[in-house]
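Take a look at the structures below.
Both complexes shown next keep chain A, but they swap its partner, so chain B is in the first and chain C is in the second.
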Partner chain A sequence: MQDNNNSKKSGFTLKSITQSKGFSAFTAALLAIALGLIVGFLVMLVADPSNAVKGFNSVLSGGLRRIGDVFYFATPILMTGLAVGFAFKMGLFNIGASGQYTMGMYFALYVGFMWDMPKGIHWVVAVFAGMIGGMLWGFIPGIFKALLNVNEVITSIMFNYIGMYLVDMLIQGNSNMYVSSMTRTAYLPSSVQIPSLGIAGSNVNFGIVLAVIIGIILYIVLQKTTFGYELKATGFNKSAADYAGMKGKRNIILTMVIAGGLAGLGGAFAILAPSAIAGSSMTYEPINIIAANGFNGIAVALLGNAHPIGVIFSSVFISHIQRGGTLASLYGYKPEIIDIVIAVIIYFSAFAMIMNSAAARFIKTRREKRHAVSEAKSIGDKDASSETKEAKK
Partner chain B sequence: MRNITKEFPGIIANDNITLTLKRGEVHALLGENGAGKSTLMSVLFGLYQAEKGEIRKNGEVVKINNPNDANALGIGMVHQHFKLVEIFTVLENIILGVEPNKMGFLEKSEARKKVVELSEKYGLKVNPDAVIEKISVGMQQRVEILKMLYRDNEILIFDEPTAVLTPQEIEELLQIMRGFADEGKSILFITHKLNEIMQVADRCTVLRKGKYIGTVDVKDTTKEELSKMMVGRDISFSVEKEPAEPKDVVLSVRGVTVPSQTHKNNAVKNVSFDVRAGEIVCLAGIDGNGQTEFVSALTGLEKMTAGTITLAGKDITKASIRERSKAGMSHIPEDRHKHGLVLDYSLEENMILQRYWEPAFQKHGFLKFDAMRKYTEELVKKFDVRSGQGPVTIARSMSGGNQQKAILAREIDKKHELLVAVQPTRGLDVGAIEYIHKQLVERRDAGKAVLLVSLELDEVMDVSDRILVMYEGEIVGELDPKTTTVEELGLYMSGAKRNTVKEINHAG
Partner chain C sequence: MDTLYYLIQNMLPVAIPLLLVALGGMFSERSGVINIGLEGIMLFGAFFGALFVYFVQGTEMGPQTILLLGMIIAAVSGFIYSLLLSFAAVTMKANQTITGTSINMLIPAIILLFSKMFFNSDGITTNKNFYIREVPVLGQIPVLGQMFFQRTYLTVYIGLFLLVVATVVFYKTRFGLRLRACGEHPHAADSVGINVYKMRYAGVSISGVLAGIGGFFYSVGVMDGNVNGHTGVAGFGFLALAVMIFGQWKPLRIFWAALFFAFLRTLAYSVSLIPFLNNLGINQTYYKMLPYIATMVVLAFTSKKSRAPKAEGIPYDKSQR
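Moving on, here comes the complex of A and B:
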């Protein structure tokens, strides 16, 4: 018996770590990623067996060679990921991050082109304008949901289209911005550019720093404040939140406004970033396509378990394999392959909780096997006790 | 089942439990909420795997990994919450999973014959073509029982089967169970109603806090002895209290009318009454006579179309839920999972659900986690709320009785003048019921007004100082529990008798 107790104690620290919430979410994400990569590799094998290993290698490590770019491309999806994840905590599925993102871009563009301001302030104002644009596009589905109980998924999908066509229309109709011979806007003045972090050979800029800070602030809001407490309570159990006298309608609107603002910031960070690749930022091309970064945000939020800190890591990871994917095209692979790999990872992260419990069981049985050895020593003791039980019967 | 041990994080649900079931007996399994009865049965039925111990059938060790294994061994279970497909017919539900077929085409006529035979043989009257969602709860239970019989099960597990039934249905069910036993089937009967055990069971095994206490022959024991085994001390079945000393009016309800969610008529019609400080007023009635709607309107969850509500001299007719709470209303809700708790929150987060916005628990919008922890620890101690991991236990993992205690603690400790308790003892065992009744009486003695809404006649008669009977949305009578009888109360509740004069006078 004594022996048994001892082994329990020694296993306690491992147990307390493996059973903590954060750990389980983390292992689930890792498992999802591992399985996603394996399937991705299989896809590459099928597509082109001879180059699969080389190509897969560049998927895995390609991002490391361009670490600056990884962060550069992570910035917008980090913001849209936060936008989706934050609303998710409230039980709202903000599928409209794309529209909010596009509105953010437009507002930032407008301030960039139309307002004349000194360098150092101009980009800050433009970033704020982007946030307000996104907030507006989050506010509308929010108010529909709160006052008329219209499903936010439907309104926000609609507002993706409305936002995108509206922005394209406004830009094409504005001769100060649009250069019809280029079928895109002119380049923004340099005063509105977000300062670069100065890493040679990459476009990484101050935006990623701001995005990470915003993620941490969101974490604090969710975990430490009464607003976060109300928000999560509503997400878990709306009836109980009502019972406790929380203002559900106000919170729905507020959450959607904040989520929209986050996506809008993402749009502003993307459009105002310095870029060495012509046309990838500082200019907008109205091509009637819904911004992909909005939907990538859903993937980022799912993989990050809607947790702000998790979203920071998942956005960097997805950006990393996206960079690797572009490099894989050197071996003749289409970049779409990498989209498949990412899709598989998201798909598996939906199973994350199941896989997680499987992993926990695996760890547990292993631990018990070890226990069994130590228990075997005290088996005599045990037999005696079971005999007394028998006698009772 | 021998030496069964099952652990959950932080709690040992079954600690070395041995249970033997003989052929042809009704074996009752008795224990408080959270004693581990359901867990033990789930192990037997293959829903959980035990960490230690073995299960033997007819002397042979068997391994039950899932309910299919259990079925193959002739073990069937009627769950507390039925597992039926609502839009299927009775027959389709019974054959679900063991459909007789030829080349994948259903052979319903054969199945129908067997089902009809079985239902005639055991007096389980059902219409095989009725759709589940259209038949009564008692009928649905018969379908569950027929499911087991159809699979030729020999060991039948009933998990708290009487909780959802009317007294007449309970009587019938117990007779049916007796009939099975006489026929040589073995029955495991999980319950915490002692009367039923005394009536039907041959032997009774008692669990307490996951531990095996003992097995007794029912004919050699008494109700008192069993309840002592179950909770570990003597239990008083009646509530002891001094006569009430009502003082000022705390709650005044005038002409309240609430529309129904399900039909066009009003669910609550022109209800008026007062509740004074220092008395327990019980709103009695058969379920579905407007009590739920009335409480929703009173607590602000639903809107009312007419009438006024005054609490402690303040008109709260149009006040928000938060304002009502501030004005001194505490509310123990009917559905503790839907309203009372955020199940995915920890115990401590639930404890401050009504008070998190108070300066004691937040500063500039930031929660004070130390204060929260300290407060929870205080309440846990004071109200004996048991949980696996203390304040950080997730509410979902706590037993029903302790969840209810947590809600009770929260609502009683909050500053209040009126305590609205809606079916506060629903689904709880005698120990917890006794405790909650005591707390309600204590609130009354502390000079608070208590409005109790209850469906249980015993509770209505024992706890309250004044009874208001609600029938079809109206208050049809006011009774004094000291002078009235259960029979008279029943007549009012069923609408056979009414006397509104008293109530009108009182309201005037």
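Moving on, here comes the complex of A and C:
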């Protein structure tokens, strides 16, 4: 995935590819995925040994026959993945993507139900409203972190709960939105639904195109702008960035606002998706549960090494095995099997980079023994230690 | 006065899980490991504790015996689950926040999968009643008896006992001193011969035991002995982290902080029973948000002069200077 970008810069020799940072992130992700799938298989064996092989097979091949659905379900987690990954580059752990996602969804719903607009503009406005809702919910933890030094993890978890209760209350209190007999929101007007891409039997829509474009824009922002550079520098070494005159506090708030906006867009894309059945739409059920798509975004971001392009691919992968999880219910398993796989993937990707760099260090020291030059060794040690530092981030 | 009795009687079973889990977080963080996974460990303990209750509820065992045995099972399972965190955070030097998050995500999925496959529900439902109407003799004391010894759970007394034990271990033993040293300056601790890795394993394991017990007590005292994969422990693990920060990583202060949060939560869920609040006509959801908003306000005021352990969150590497 990402090693392409790095290899272009440093030539095309095999060595430069295998030693590049992107490649080690890629292999680390593969390692985490493999371990996650193995654990998933073991859990299936424990739960029901007789069907485990068939069930696991459907997990693996799940999305292949339903490409449209894979992209459709990838859209929201791509956005939350970008939200988590973008903040991660700054050294912030945005666990609040769920709350931002829910807020974005509510704002989009509000515009959808309460504002009357011509077709063609309505859904665009609703998507923007979703972004603003998410930004608001990212802004608050950003302020708390920058000005009051409150750990963003706790803040954003609290705002997940506050946002969830608030949105559920607001929706239940609004008779235009909420149909109490169905305990769900009413159907959205068709003018506010995002245009479908027209793949039969699937709800895949223009949202995925927008999401991929946003991912590419983020990549450009991170690589080619001063802001992106400052952001990465702050994430790498906060004190050094402050010393160099970068406005750390402003950047923290800005990063959280952007991350929140991304997650909010995810919520808007999810709720504004067109329905395959004419006259209906996506609905939301306010039952006091925190949106799972926010947490899946963490897995997506970690697998993609917080790199926007990597996140695009990892979101498709997660969506693919999620489709597989729904298929596995044919054999008596429940879709939650995929949540287990995702959690295990997150667990291992937390230290997969370190396992990787430990292996790399081992190879390096063996090579250096042959050279037996003390100078070269001290440089190598420095490299290795800086690698582990990065991996900790 | 009856309202006050009611609030106190309901507050204590809520405060105890918060207290125990926050104490667990304290042990873990003072040894240098951030434990975001408390929520997951609580749920893990609650799940296995409730599973035990489910299997023995038909036997002749008395409810309080079952409670004690379930507590032990929850403690052991919490300990085992916390090994996942200590292995990643101490041995593998992984990012502690991410590991904790994955621990939180894993267990609801496991509970939902197995409960749906084997019980056809979202969790475990038990029908054992652990409620104590009145403690003999002590319940007869005029005011105090009604406050603390009527309509309560055994969990309250166990929790207070564990608070005393934890305080003594933390401040009066060699182990406690060493543990705290590892959270402040692990290299200095190492230089005088303390095994930092071992101490951190111990810190996380104690937090696993306490969080496991806390989770089981939550399911006993708050959920009437049930465990649900969807709602889990309703963010109590995270609230406990806030309680710990509010309590500045010190046992007694954590106790007061836990009481404060439990009071807010009890208030939120009993608005309709308090005439004064009920007459205000404020939507109940606002009260439900109250503990979380209070957390934010409290953190905003305490975080500037935070006395967090200096080395928390930083994996210890012997070869680093």
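By our rule, the second predicted complex is superposed on the first by the 337 of 393 C-alpha atoms of A that agree within 3 Å, B and C clash if a C-alpha of one lies under 4 Å from a C-alpha of the other, contacts with A are read in each partner's own complex, and residues count from 1 in each chain.
The rule is short, and it goes like this: contacts are C-beta pairs under 8 Å (C-beta built on N, C-alpha and C of every residue); 3 or more make two chains touch, one makes a residue touch a chain.
Keep in mind the model is a prediction, meaning the values are calculated, not measured.
Superposition of the two structures on chain A leads chain B and chain C into a clash. Contacts of A:128 after superposition on the shared chain: neither chain B nor chain C is touched.
By the touch criterion defined above, A:187 reaches neither chain B nor chain C. Once the two complexes are laid over each other on the shared chain, residue contacts for A:244 go to chain B alone; chain C is not touched. Residue contacts after overlaying the shared chain place A:139 against neither chain B nor chain C.
Contacts of A:224 after superposition on the shared chain: chain B is touched, whereas chain C is not. Comparing chain B with chain C, more residues of chain A are touched by C. Of the two partner chains, chain C is the only one touched by A:161; chain B is not. Clashing C-alpha atoms with chain B appear in a single stretch of chain C, chosen from 58-66, 184-192 or 202-210: 184-192.
Common to the chain B and chain C interfaces on chain A are residues 392-393. Only residues 43, 47-48, 93, 95, 144, 148-151, 153-155, 157-159, 161-162, 165-166, 168-169, 173, 288-289, 295, 298, 302, 332-334, 336-337, 339-340, 342-344, 346-347, 349-351, 354-355, 385, 388, 392-393 of chain A touch chain C when the two sit together in their complex. Interface residues of chain B, counted against chain A in their complex, comprise 2-3, 9, 16, 18, 20, 51, 299-301, 320-325, 331, 333, 338-345, 349, 353-354, 356-357, 362, 365-367, 369.
Interface residues of chain C, counted against chain A in their complex, comprise 36, 84, 88, 92-95, 97-99, 101-103, 105-106, 108-110, 112-114, 116-117, 229-231, 235, 238, 241-242, 245, 283, 285-286, 288-289, 292-293, 295-296, 299-300, 303-304, 306, 315, 317, 320.
Within the complex formed with chain B, the chain A residues making contact are 19, 224-227, 229-230, 232-233, 236-237, 239-247, 368, 386, 389, 392-393.
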